[in-house]
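Shared between the two complexes below is chain A, which pairs with chain B and chain C, respectively.
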Partner chain A sequence: MIKSIVYKEWIKTRWFLLILTAVGLLAVGNIFLKVQHAITFNEAHKYWYLVLFQNQQYFKGLKFVPLVIGLGIALVQYIPEITAKRIKLTFHLPINENRVLLMMLGYGIVVLLFCFALVFIIFTLFSQHFFGEEIVHAALVSVTPWFLAGFAAYFLTAMIVLEAIWKYRVFYFLASAAFILFFFEKGIAGAYAPLNWKLAVLTLLISLSLTFSAYRFRKGEM
Partner chain B sequence: MNKISRYFLVLMTILAAAVALPKLYWLAFDKPIHVPFVMYSSQEHDFFMIDRENDESVRKDRQGNYYTRDEFEVKLPMFFSRQLAMNGNMPDSLNGMDIDLQQINHARSMFRYRPRDMQTPDPGLYPLFEAESGRANLEMPTDFFRITHRMEFLDAASNEIDERKSQMFTTVLDNRGFNYPAKMIAGIPTTRKSCDEGYFVVDNEDMMYHVKLIRGEPYIRKIEVPEGLAFKHIAAVDFMDKKYYCYLISEEDDLYILTQDLYEFIRWPFDALKAETDELRVYGNLFNYTVQTRRPGYMKVVALDNKYNKVDEYEKTWPVSSETKQGKIASFIFPAELRLSDSTTNFVDFNFELMKRLNWIYLNIVLVILQILIIRRSKLKLNRNILDLVIVGVTGIFGFIAVNFFQNKFFD
Partner chain C sequence: MNNVIECKNLTHYYGNKLVYENLNFNVREGSILGLLGKNGAGKTTTINILHGFLQPREGECLIYGENTQNLSPHTKSRIGFLIEGHVQYAFMDIHQIEKFYSGFYPNWNKEPYWELMSKLKVSPNQKISTMSCGQRSQVALGLILAQEPDLLILDDFSMGLDPGYRRLFIDYLRTYAKAENKTIFATSHIVQDMERLIDDVLVMDYNRVLAHSPIDKFMTGFKQFRFKTKIEIAGLKNEAFVVNLEKAKNEVELYTYESEDFVKDFLNKNGIQFENFSLVPMGLEDAFIGLTGKY
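Up next, the complex of A and B:
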């Protein structure tokens, strides 16, 4: 049963996963092409100086990439479930309803982890190639909330899509949008150091949020 | 699980609302609070200020006498020397001393400290300029240094450590008894300064070192810090009169200077500073220093003579934003505010501030009653919704929005 559910999720998401991962890698490639160009034309030490003391954020091209990936995966994974209320069939399977949902969610988390880890590691390796560890560390502190936002967007989008009543979808969207802004506050490189772990905890807490709207769905609130 | 995930969503919404709603409110209704610009006159030996009254800029003295712009500038020859010289009003002597414009410019200094200068991520890498290159202009070095388990120079182009230079500096630091790693590195990391004075480095045992690069060789001098004195912030300065290297703020919030060449720590008689929250400004001239600190609702200005003795002081308080009309209205709506960014720090974090007035209790009570009516109307059991009522009672409008966005309908 687990295998077939994973296979179903894979069929739904594979092409988008591939495209979105490619978008993530292209964004990283673009960032470092720009860095290389700036260093070629402006000398490395002058570019380092801008990064260290003039708040030049070489990594800012990554800002909304994880958000778009999280949002995209959630949409392609859950929208097919609610068109013609297909998820009702899933709920008729001889298996605990929450378990089915958690498997779908687990699949989403695993593919997002895979995709984000790939983008994050390649970004880190390139950063280490061009910059000293202090600059890399500050950059990683700054991009971490953006990746967390990708997970949060995935969890919240899943919840919004599975909600059956439009009025509540709008409410959930408003609350979610205001929350997602937490991850995109303006700041200099490294500014998120005190907040990152708190955002990680909050993201973990809302990871099961789709069970809330799915429960409402099952109980006939539609 | 469904029920718990609901409460986490409620928590998320409360936090989001506590950030977004007050932010929108202040965006719509906040009014600027004008703080007077206070100067100490070396001629009149008193404080003068530019203030704002009835939406107009006014110039007055401490006693409340008003002046026209021209009258005002004549009272403050050290601040408006250029304008006075242009009008031909500049005195030839002051306090029994002959003065000329060049002298005045030479002695003039301006310094501003904001709490976010201290509360900011540490860059960790710094450029060490050649202090005596024989060139008129300073040049940006091609490497950056760090002081961790030793002093290392990292070449930017290759991203590799310059072993020879690192070894050279580390050896001298070792000989001077440096305790790794560096706690603080303060300097002026720009080529746009009159000359280079290197960096003031605080080691792991609060000892201070002056680190410079002179003709390719390390210049490292241990600075004797008086027993028990430790600094939380150092701001290097580049003033024309070269009387001191930097301003230093001690752990006890005292303000010090470190004198040029003699490396003497001199404590200024100024005790109003709270470095975590206050802004500090220092205006120096031939005769006096005007030292000013301010935080929301309060400012203190102290005038020192040029030997750093206190000659006069001035204090002023004014209503902070929570005491204005808009602030009072806000306290009827929001029990608290949550801010991610704060003007006193470069870090992003949850800055929670409870409203000083308890006016929001009224709205919270109304919302609890409203919530009871909503529960009744939805034909839900009241005793299954106690937690929701507690949430509304404590967090007010934020919780009310949260529990109604994420309804408790099916968990009876």
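Up next, the complex of A and C:
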């Protein structure tokens, strides 16, 4: 059964997953092309000075990329389910309704982990190539909430899409937008260090929010 | 004979609007029941309750003894479900969707599916979303048959189908159901389709059940009489034996479960002069309209 669910989710998401992963990698490539350009034309020590003491965030091109990826995967995974109320077919499968949702959610988490891990690792490797350990560490601390925002966007978009009543969707969207802003507060590189684990816990807490929308659907709110 | 579906004292409202109150019906094992009703009479509400997608305000429906609000995976595996409009995972092609469903059902039998697919003129990698409504209906039906369910719930199965596909769908379904002793609960807007398919009929109107009986008994028991009279007969509608009465100029159509003699006696005793009295043969659609009225 898990194989079949993974198969269905894979058919829905495979091309978008490829495109969105490519977008992530291109964003990283773009960041380090700019870094290379700055180092070549401004001299490395001057650029390092800007990064270390003038809060020049070379990685800011990555800011909304995980958010877009999380949002995109959730949309391509869940919109086909609510189109023509196909979610009824999914709930009719001989498997507990919450279990089937958790399998779909699990698939989404795994592909996001894969995509984010790839982008994160490439970003780290390039950062280590151009910068010293202290700068790289601060950068990784700063980009972590953006990747967490990608997961949060995925969970919240799933909840919004599966909600059947537009009035509630708008309400969920506004609440979600306000929540997502927590992940994008301005600050110097590394400023998020004490907050990252709290944001991770918050992200984990909202991970099951789609089951609430699905429960409402099953009770006739459609 | 066991009941596969038992609905007891169903009451449901949308807001303050009553859909029905204390609705009771059963579906016998091995029978084909057709649920008929006008738009808004509660057909889709009933289907949604049967599938556990709607919690009734009061009462309950049981399928194989389990409350439909909490069907176990095993019971769900015994139910084939056709959604209104033959909705399926349209982003798949016919191979992908067969592979997907086969992972869920231990008794999966792909032969009837591929038999139906061989009749469709579709390319192997064609997405279901690009197929015609008729072709999609065959995909949906084939998947249900491959599942080998004991109970089939078909919501408006003839929607969007041309006459050829409707006939193909019905004939295939009835032959299959009778050969394999399957139980079917079906709704359709096209009432004459039901006549070829069903054993039992359940006719619903706003807030109530108008008829629930074997189709043969209903079709022989429910009658239409036509006669001419110049007398004002509006009061006749209130008589207990009159199910429905339509009058256009002097032509009267009277629908009743009573016999020809009974109706004639009544008219004579009440001084209603009439002529050209006749029993009009009816199909299921005529009977349905006679029972529910034209408006």
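As a working rule, the second predicted complex is superposed on the first by the 222 of 222 C-alpha atoms of A that agree within 3 Å, B and C clash if a C-alpha of one lies under 4 Å from a C-alpha of the other, contacts with A are read in each partner's own complex, and residues count from 1 in each chain.
Just so we're on the same page, a residue touches a chain if its C-beta (ideal position, glycine included) is under 8 Å from a C-beta of that chain, and two chains touch if they have at least 3 such contacts.
Note that the structure is a prediction, hence the values are computed from the model and not measured.
J.: Look at where chain B and chain C land on chain A after superposing the complexes, then choose clash or fit.
T.: Here the two partners, once superposed via chain A, fit next to each other without clashing.
J.: Can you report the vertex angle at chain A, computed from the C-alpha centres of the three chains with chain B and chain C as the arms, to the nearest 10 degrees?
T.: The C-alpha centres give an angle of about 140 degrees at chain A.
J.: Check the residue A:Glu185 against both partner chains and state whether it touches chain B (first), chain C (second), both, or neither.
T.: Once the two structures are laid over each other on A, A:Glu185 reaches chain B alone.
J.: Now for A:Lys3: first (chain B), second (chain C), both, or neither, which partner does it touch?
T.: The second partner, chain C, only.
J.: Mind working out whether A:Leu202 is in touch with chain B, chain C, both or neither, as first, second, both or neither?
T.: Only chain B; A:Leu202 stays clear of chain C.
J.: Regarding the shared-chain residue A:Trp48, is it in contact with chain B (first), chain C (second), both, or neither?
T.: Only chain B; A:Trp48 stays clear of chain C.
J.: Touch test for A:Ile19: chain B only (first), chain C only (second), both, or neither?
T.: neither
J.: Tell me the contact category for A:Arg86 with respect to chain B and chain C: first, second, both or neither.
T.: The second partner, chain C, only.
J.: Does chain A have more residues touched by chain B or by chain C?
T.: Comparing chain B with chain C, the partner touching more chain A residues is B.
J.: After lining up the shared chain so the two structures overlap, which partner does A:Lys219 touch, if you call chain B first and chain C second: first, second, both or neither?
T.: In the superposed model, A:Lys219 contacts both chain B and chain C.
J.: If you take every C-alpha pair with one atom in chain B and one in chain C, what is the shortest distance in Å after superposing?
T.: 10
J.: Do chain B and chain C land on any of the same chain A residues, and which?
T.: Residues 219 of chain A touch both chain B and chain C.
J.: Looking at the complex, which residues from chain C come into contact with chain A?
T.: By the definition above, chain C touches chain A via 48, 51-55, 73-74, 76-77, 79, 81, 83, 85, 87-92, 96, 99-105.
J.: Going by the contact rule set out above, which residues of chain B touch chain A in the complex?
T.: The touching residues are 1-2, 4-6, 8-9, 11-13, 15-17, 19-20, 120-121, 123-127, 140-144, 146, 154, 156-157, 159, 189-190, 340-341, 346-350, 401-402, 404-407, 409-410.
J.: Write out the stretch or stretches of chain A touching chain B in their complex.
T.: For this pair, the touching residues of chain A are 39, 43-49, 52-53, 98, 129-132, 134-135, 137-138, 141, 159, 168, 171-172, 174-175, 178-179, 181-182, 185-195, 198, 202, 205-206, 208-209, 211-212, 215-216, 219, 221.
J.: Please output the residues of chain A touching chain C within their complex, sorted ascending.
T.: Per the stated touch rule, the residues are 1, 3-4, 7-8, 11-12, 80, 83-86, 88-89, 91-96, 217-220, 222.
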